[in-house]
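In what follows, subunit A forms one complex with subunit B and a second complex with subunit C.
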Partner chain A sequence: MGAGHAHPLHLPGTSPVHRLSPQVKVLAAFMVVFCVVATPRAAFATYGGYLVLLAAVWVIAAIPPGWIGRRALIELPFVVLAVLLPFAQGGERVDVAGLSLSADGLLDGWNIIIKGTLGVLTSLTLAATTSPRDLLLGLQRLRIPATITTIATLMLRYVEVIIGEARRMRIARVSRGHDPRLLWQAGATARSVGRLFLRSYERGERVHLAMVARGFTGAMPALDERPVPRLEWTLGMLPVAVALALVVGAWATA
Partner chain B sequence: MSIPALRVSELRFDYPDGHRALDSIDLAVAPGERVALLGPNGAGKTTLVLQLNGVLRPSSGSVEVSGLPVRAEHLREIRRRVGIVFQDPDDQLFMPTVAEDVAFGPANFGVRGPELDARVHDALTAVDMAGHAGRSPLHLSGGQRKRVALATVLACDPEVLVIDEPSSNLDPVARRELAEVLLRLDRTMLMVTHDLPYALQLCPRSVVLDDGRVVADGPTRELLADPELLSRHRLELPYGFTLAGG
Partner chain C sequence: MSSSVVAMHISDGIINAPTSAVFGVVAAGGLAFALAKSRAQLDERTAPMAGLVAAFVFALQLINFPILPGVSGHLLGGALAAILVGPWLGSLCVGIVLIVQALLFADGGLTALGLNITNMAIIGTAVGFGVALALRPLATRGRQWLIGVAFISAFMNTVITSLGFVLQYTIGGAAGASLGAVLISMIGLHALIGIGEGIITALTVGAVASSRSDLVYLLRGAPQHTRTAAAAQITPQGSAS
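After this line comes the complex of A and B, so read on.
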């Protein structure tokens, strides 16, 4: 996708991580997250190990940590939830800065925050180095059911359709003297959100008709059936091996 | 006469909201014939086009493509035979790049590998857009998108080409070049247009649709030379344009 319209979660590049086949990356990310989830909650050093592992991938892929950091904010609501947990739970209590907190709740909160954060960071790393279309290709090649990949493809397209419609409608409104910042014109903005939904739906219908007219039967044709070189699998599974070693180590010493 | 490439008989179509868009349409197009479909806004042209490959299904009556009735069990073959270029290219283009969009149709019909690449390249070359293969269709100009939309259907190599409004949004040179492309294609063609000189240039025969009915069917030159018929159906030649009676 061209610049200026690029997907917000994708950071185009040519690093070895970017060049890996998508199915390798999807599988690797999935397995790393699996290891993270399986780690005992009190294995603090192991979580540090995962962070170092991710940081190493960011260095190789030339992703600035700030870039990932800003996008990781989407998990904020979950963090808030996890922070509230220690107040809510019963059991043994500890005093932190004058507050009486449940020790179990504290560990639970930490568990959610650290696993959630590592999961989000891993997904963001995958998304940053893999274009949305490649992600879909990756899923398709991993034999994920065609319905799922097709729905995902269409969702991607419709997000763009909706953004495009919204932009055109806004330009049309603004050209007729509408100033969206003026409060008394909020009504027009609200109405056009309603229109936007209808128009996007109708356009979605027409896009689908046009796809059907070109022989679409429900599954995206797989265009590129290039087999993955063994080296790529080896490279892609390296971080997985590290994560596996970390989780096994954590259980062995727990 | 041999089996018509397109045969529409006694076709009636009501939209789900009850609006009758087409009423007792009879139309036959011979193989290799190029026919213009004319008529005012809302006449039912687009609705008729969508019947031709089974995207919309008649409320009564029938459509046949080279003798094959448009029915659920033949839809795949019907859609391989009839290629439709939609009125609004934004409805047609949805892949991340022009090349992938052009490949979508033939890939659905089972074309793969080098043959697929060749199809994509030839189709884009035919509309003079080969230099834009890697770009996002969303970033092209209206006329460029129009041409890519045509390429997405050319790549399917259909027997019958149905085009809704080919010349709208094209600059004069692109409009003329597209006419040359279409004339070179040499296949059965049904072309919806408001551009009457374009119809005259490309299609020896025209059908006029108004309010869901066929109101005239004959040689384009004769129809366009009948000012009475034109004005009755809100058709108008461009300013300063007159035709000697045929």
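After this line comes the complex of A and C, so read on.
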């Protein structure tokens, strides 16, 4: 894919993390986040351990912490939810800076913030070190049906085309006095969405014909598959082993 | 994207690990079923058509609309996709959008992927299409009727999708907030989102029906005018299928 299809969360590089087989990285990311989610909420040191683990991966992958930090703001809406819990919940109250807060609510709020944050940071690390193409290849090698990965590939190929069309339609509307903040102007937005659907669907029909003309029979040709060297699996599963040790340790001491 | 999106995906840590794993299996089974059904519907056209419809759903989720002052939501698109391309292709596309968002855009937690797919791609699309199918005799009466049916199914899609979250929260909510409070706030919020979702879905389906009613899956089998009839009214006696 050309440069226009690079997605904003990918940070191209040649570090060992970038070069690791995508299926190893996808599996490792899922397993690490599962360990994080399974950690008891009051095991503060364990969460610090996860952060050190992620930081170590960033150092190896040469990802600047600021780069990750700016993109981690995605999860800000959840922080709002978590901040409300200490006020809304019942149970034992504690005084923090003159406010009477629910102790249970504080822990729950912390639980949501820290797990959500570590989850987003892990996803960002995966996205930063894996190009969309590699990621879909990795999913296919993890035995996800080829039709799903083909659909996802086509989606990623065309989503920017369609977003570009939507953007041009929006600019055309706004330059004619449309103000999409107002709900009673939804008619114009909806007609554009209808138009966008027709364009997408008809483009799908054209893409299908173009694929048939090039010999497409409903399945993509099989890719050259080489088994992943054992060393790569060992390296990729190293962070998972650390996370597993952390979560087991947290439950043992809880 | 707006800085204050509320119609958001579940993140990691809100639902505990065992529940997330169970719903991961539910989601995988549901998507596999939807995939088999869409293959039967589209044969070798599945990949390109689903790819473009998924790209459409993806673009759709970038459209924000206001709910309350300073609060906006974005479309889920489940009911819209189901009415336009059918429930199988619709849920498959919404599911793939959610997978790509979680893996490439860090939107929605990795462990919550099964929860999000179950809610939005499976429950949401099934409810949206189920309501539309139940009201199909009304929808084929005319364009105004079709628009009304689309509104109701999109509204129900959004509200029931939020009930999916409440169910998961009941089974494995990590925070101890009382169930009643969660239920009321989720339904209240999603009823408001559902109105916006309903209006956009209804008008979009109306716009598609007036220029290419042959592309509206819900109306398949009903007598229709050709695509050249610009402001086509769907014939009132259409109920055969």
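Side notes on the structure shown:
Heads up, the rule we're going with is that the second predicted complex is superposed on the first by the 186 of 254 C-alpha atoms of A that agree within 3 Å, B and C clash if a C-alpha of one lies under 4 Å from a C-alpha of the other, contacts with A are read in each partner's own complex, and residues count from 1 in each chain.
The definition used in the following text is that a contact is a pair of C-beta atoms (placed from the backbone, for glycine too) under 8 Å apart; a residue touches a chain by one contact, two chains touch by 3 or more.
This one's a predicted model, so the numbers in the text were calculated from it and none came from an experiment.
Judged by the touch definition given at the top, the superposed model places A:19 against neither subunit B nor subunit C. Once the two complexes are laid over each other on the shared chain, residue contacts for A:213 go to subunit B alone; subunit C is not touched.
Looking at the shared chain after the overlay, A:200 reaches subunit C, while subunit B stays out of its contact range. When the two complexes are overlaid on their common chain A, residue A:70 makes contact with neither subunit B nor subunit C.
Judged by the number of subunit A residues each one touches, C leads among subunit B and subunit C. Contacts of subunit A with subunit B, set against its contacts with subunit C after fitting on chain A, overlap at residues 132, 157, 161, 203, 207, 211-212, 216-217.
Looking at the complex, you find that subunit A touches subunit C at residues 7, 9-10, 26, 29-30, 33-34, 36-38, 41, 71, 74-78, 85, 88-91, 104-105, 108-109, 111-112, 114-116, 118-120, 122-124, 126-127, 132, 135, 139, 145, 147-148, 150-159, 161-163, 166, 180-183, 186-187, 189-191, 193-198, 200-201, 203-205, 207-208, 211-212, 216-218, 220. Chain contact summary for the complex, subunit C toward subunit A: residues 3-6, 8, 11-14, 16-17, 20-21, 31-32, 35, 39, 43-56, 58-60, 62-63, 65-66, 80, 84-85, 92-93, 96-97, 99-100, 102-107, 109-112, 174-178, 181, 196, 199-200, 202-208, 211-212, 215. Of all residues in subunit B, those touching subunit A in their complex are 50, 53, 55, 76, 79-80, 83-84, 86, 88, 90-92, 94, 96-97, 100, 103-105, 107-109, 112, 116, 135-136, 138-139, 152-153, 156. By the touch criterion given at the top, residues 1-2, 5, 131-133, 157, 160-161, 164, 203, 206-207, 209-217, 221, 223, 225 of subunit A touch subunit B in their complex.
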